[in-house]
Amino acid sequence: MNISVSSLERRINHGICGEGPIATEEYFINMGPQHPSTHGVLRLLLKLDGETVREVIPVLGYIHRGIEKMGEKAGYRQFVHLSDRIDYLSSLMNNWAVSMVIEKAANIELNDRIQTVRTILAELQRIQSHQLWWGVLGMDLGAFTPFLYGFRDREKLSDVLEKTIGARLTMNYIQPGGLMFDIDSDFVKDVKLFMDYFKPKLAEYETLVSENIIIKERLRGIGVLDAKSAVSLGTTGPVLRASGVMYDLRKSEPYGMYAKTAFEVPVGQSGDSLDRYLVRIVEMRQSLRIVEQLIDNIPDGKYFVMKPAVKIKPPEGAYYSHVETARGILGVFMVSDGKGSKPYRIHLRTPNFNNLWAVTAIAPGWRIADLVAIVSSLDLVVPDIDR
Amino acid sequence: MSNVWQAKSMVQRASEALTVSPLEALMYLVISLVLSLVFVALLGLGLVYLERKIAAHFQCRLGPMRVGWHGILQTLADGLKLLLKEDHIPAGADRFLHIVAPVLCMLGTLLAIAVLPLSPVVQVADLSIGVLYIAAVSGFGVLGILLGGWSSNNKWSLLGAMRAGAQIISYELSATLALLVVVVFSGTMRLSAIVESQAAGWWIWRAHGIGLVAFVIFLIASTAEINRTPFDLAEGESELTGGFHTEYSGMRWAVFFLSEFINMFIISAMAATLFLGGWMPLHIGAGQNVFNSVMDMVPTWVWFAGKSGFIIFLLMWFRWTFPRLRVDQLMRLEWKFLLPIGFVNLFAAAAAVLTGFYFFPGG
Amino acid sequence: MDASELISTVTTIRPGISQREKCNRPSVVIESVNLLDIMWSLQSREDLGFDMLLSHTAVDWIDEGWFELVYLLYSTKHGHYLMVSTFIPRESPVIATVSPIWKIAEWQEREVYDMFGVLYEDHPDLRRIFLDDDWEGFPLRKDYKDDFMLERPE
């Protein structure tokens, strides 16, 4: 029955004197908010013994913007714009998550065209996100060239999306009731050209990085996360699947057009960094497969099922809905008081917030170079952690 | 006077001239000093530009294109910028060591430049212990890195410096063993004599497999010596932000940077001199024939520059292709693989020389 | 298990568990004093097997004077979801921690403490997660005011 509020200083001191008397060869070093490898403003306090990491204490809040509070002031329609900015590499999937919960709450029925286009865009965004992750992983491990190869190919995909959507990062295209505007007339042709371009490049990625012995030695057996810990730590997405737990919303609760497409979900065996790496490479290939099946058969129909500028008023109640983004499960929990056009409470269950804490469990015992490889293989985007 | 013109190195010329007039001797020494510094400066400019262009083309982009024709003057512009940058010493840093560290790195580099035979008549000092001398002065570089990392009052710099110290000291052993193979085969440590001993064929093939193995070991060990990827964890940009040179800015950082590039040239020059024949043209067969006379038409310094340039390109290629090794993997590579292979190679070289089994027939 | 079967099984664990209306997922309301016991049962019982705490958050019902704490559970074995709500008074928001059951709860509860001020008993490391340690006030409460806030013109 003990309630005591702690502080960062007390936590660090506990970290120093945690087990037994102070060991003088251990020291704290700050992998600060500005660091080439923390993928954003993430601060990690490392307790080191020489080069070996004994403890990792993440310190958050450097990009906390109060998105959930803003959601209570913005309306249902406008929250979609805010959802782009959490995990900006999967912004279309974030839009979809928010739109889905509002549509379920307000009982809005969608047509097949909208669902097909949403699915295609989500899978293309998954490929785009993984391309960036792949390049950055190479750079973190010291190979600077994959970064540019990944970005070169990502630019081609960004061009395709930009023609239809108008943006390259914060897409803001999927809204409750459908899409913001119809897809471009060249969309199908451009996507097919991109897929023909990218397939051999994916094979090149494998040769350049996946089969490089130095990369394999840097990733194999590093940072093993077993299935039980992964589930208890609430990890989702490729991190969880690499540890051997098959949990993918696209298969377990299909939304969009996933029920009608054939694809496989890779599941790893040992939960080390190499498995997390390979799971994402296979996911890229499977995403291409999904897009291939859907791109030729986009049904006709309206792109927005409601009258424009109608105010959405979901009935009173609590609603929860989630999607599988590139990094894990993004869930939106929404409470509506039935009165206004603004949510009473909206909470985002973000994948990166829940994946981050796996670092505290798997990093101790490895070296700094391995810590960089582990954080890179977890694929964190920090605005998603802080919201 | 004629002796002066036949002399092979500047120091030799100076000593010949000393008998006639001390002023002339002094003039030779001053000229060699000034020319060496100019050579180092121009080489630094050229190598940095080359690195940027080669990196760019490996990465499907163009590199510097605007400053001068295709960016040729880019390094000049960068050098100017670095000269004008604020030079700060972090609070709590050891001021004297912080200032001295880059100087030590450059010292090792410049001392090593002095003994490289660029052509039969261009060499600053032709020491009879040339190979040993080079192995010795490269120790200044380690000292510079260690002091730079320690004096910065920054835990990340200290980590980088410690890694570099362990790495360089370990790989010196393998590099020296590889060099010793050539010393055993050619029977001398004097660099100009080693080059001349390759008139009948370069050591990389004339010593059969032993020379090739020694060349590969030398290349790997030297890449580790000069802190280049895949062995650049002392500077490890993605991990340590900058390693030992995090707290340096402006010209003093440029001195670290420059000494790394000149070290790359020294390594290439050493590999070219000991294994690829230095300034010796490629001759096939012993006598005068058409091929040999065509080869002889290319000036000797062009041969030297071409061979060193090829090795430099190889080193840059490594950098932009391979990821970085972890510190324990690095140590394991050296102590468990390169060192035993190097020892066996040296014994094989000694055995080959004693039994006379190494020359090409007719060589 | 499907939704109705799940609700009927869960409501029999202990008296005082009722179904929460107006929710698009199977959802129950429990008493806050029984939180830890019920959570242990939900996690350890074979037929329920909720081994993952997907999300934990709070809702500020300022007009009625309650905080509603919401736990979203998932079972990887059976594939079913359950939302568990409990109400605690706003004036003294104290509740037991579920971090011995699911490790992720440690940090999800820190977020709820940071944003709402809910105090967790026996929490291993209760401190703010996004804001500075010396921040005053709890931002997601409906009556939170500070100098930086701007009001949207209607």
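In this document, chain identifiers A, B and C correspond to the written order of the chains, with residue numbering beginning at 1 in each.
The definition used in the following text is that contacts are C-beta pairs under 8 Å (C-beta built on N, C-alpha and C of every residue); 3 or more make two chains touch, one makes a residue touch a chain.
None of the values given here were measured: they were computed from a predicted structure.
Judged by the touch criterion defined above, the protein chains link up one after another in an open path, with no loop closing it. For the interfaces A-B and A-C, the C-beta contact count is higher for A-C. Here the spacing of chain B and chain C, counted between their Cα centres, is 65 Å.
Computed centre separation for the pair chain A/chain B is 46 angstrom, with centres defined by C-alpha atoms. Per-chain CA centroids place chain A at a distance of 24 Å from chain C. Not a single residue in chain C touches at least two other chains.
By the touch rule above, chain A contacts chain C in their complex via residues 1-11, 60-61, 64, 66, 68-69, 73, 104-105, 229, 231-234, 236, 245, 247, 252, 315-321, 329, 331, 333, 335, 344-345, 347, 349, 353-354, 357, 361, 386. Touching chain A in their complex are the following residues of chain B: 55, 58-61, 155-156, 159, 163, 229-230, 232-233, 236-241, 320-329. Residue ranges of chain A in contact with chain B, taken from their complex: 27, 29, 35-37, 51, 138-145, 148-149, 152, 212, 214-215, 217-218, 367-370, 372. By the touch rule above, chain C contacts chain A in their complex via residues 20-25, 27, 51-55, 57, 59-60, 70, 72, 76, 79, 83, 85, 94, 102-104, 106-108, 111, 113, 115, 119-123, 125-133, 139-140, 152.
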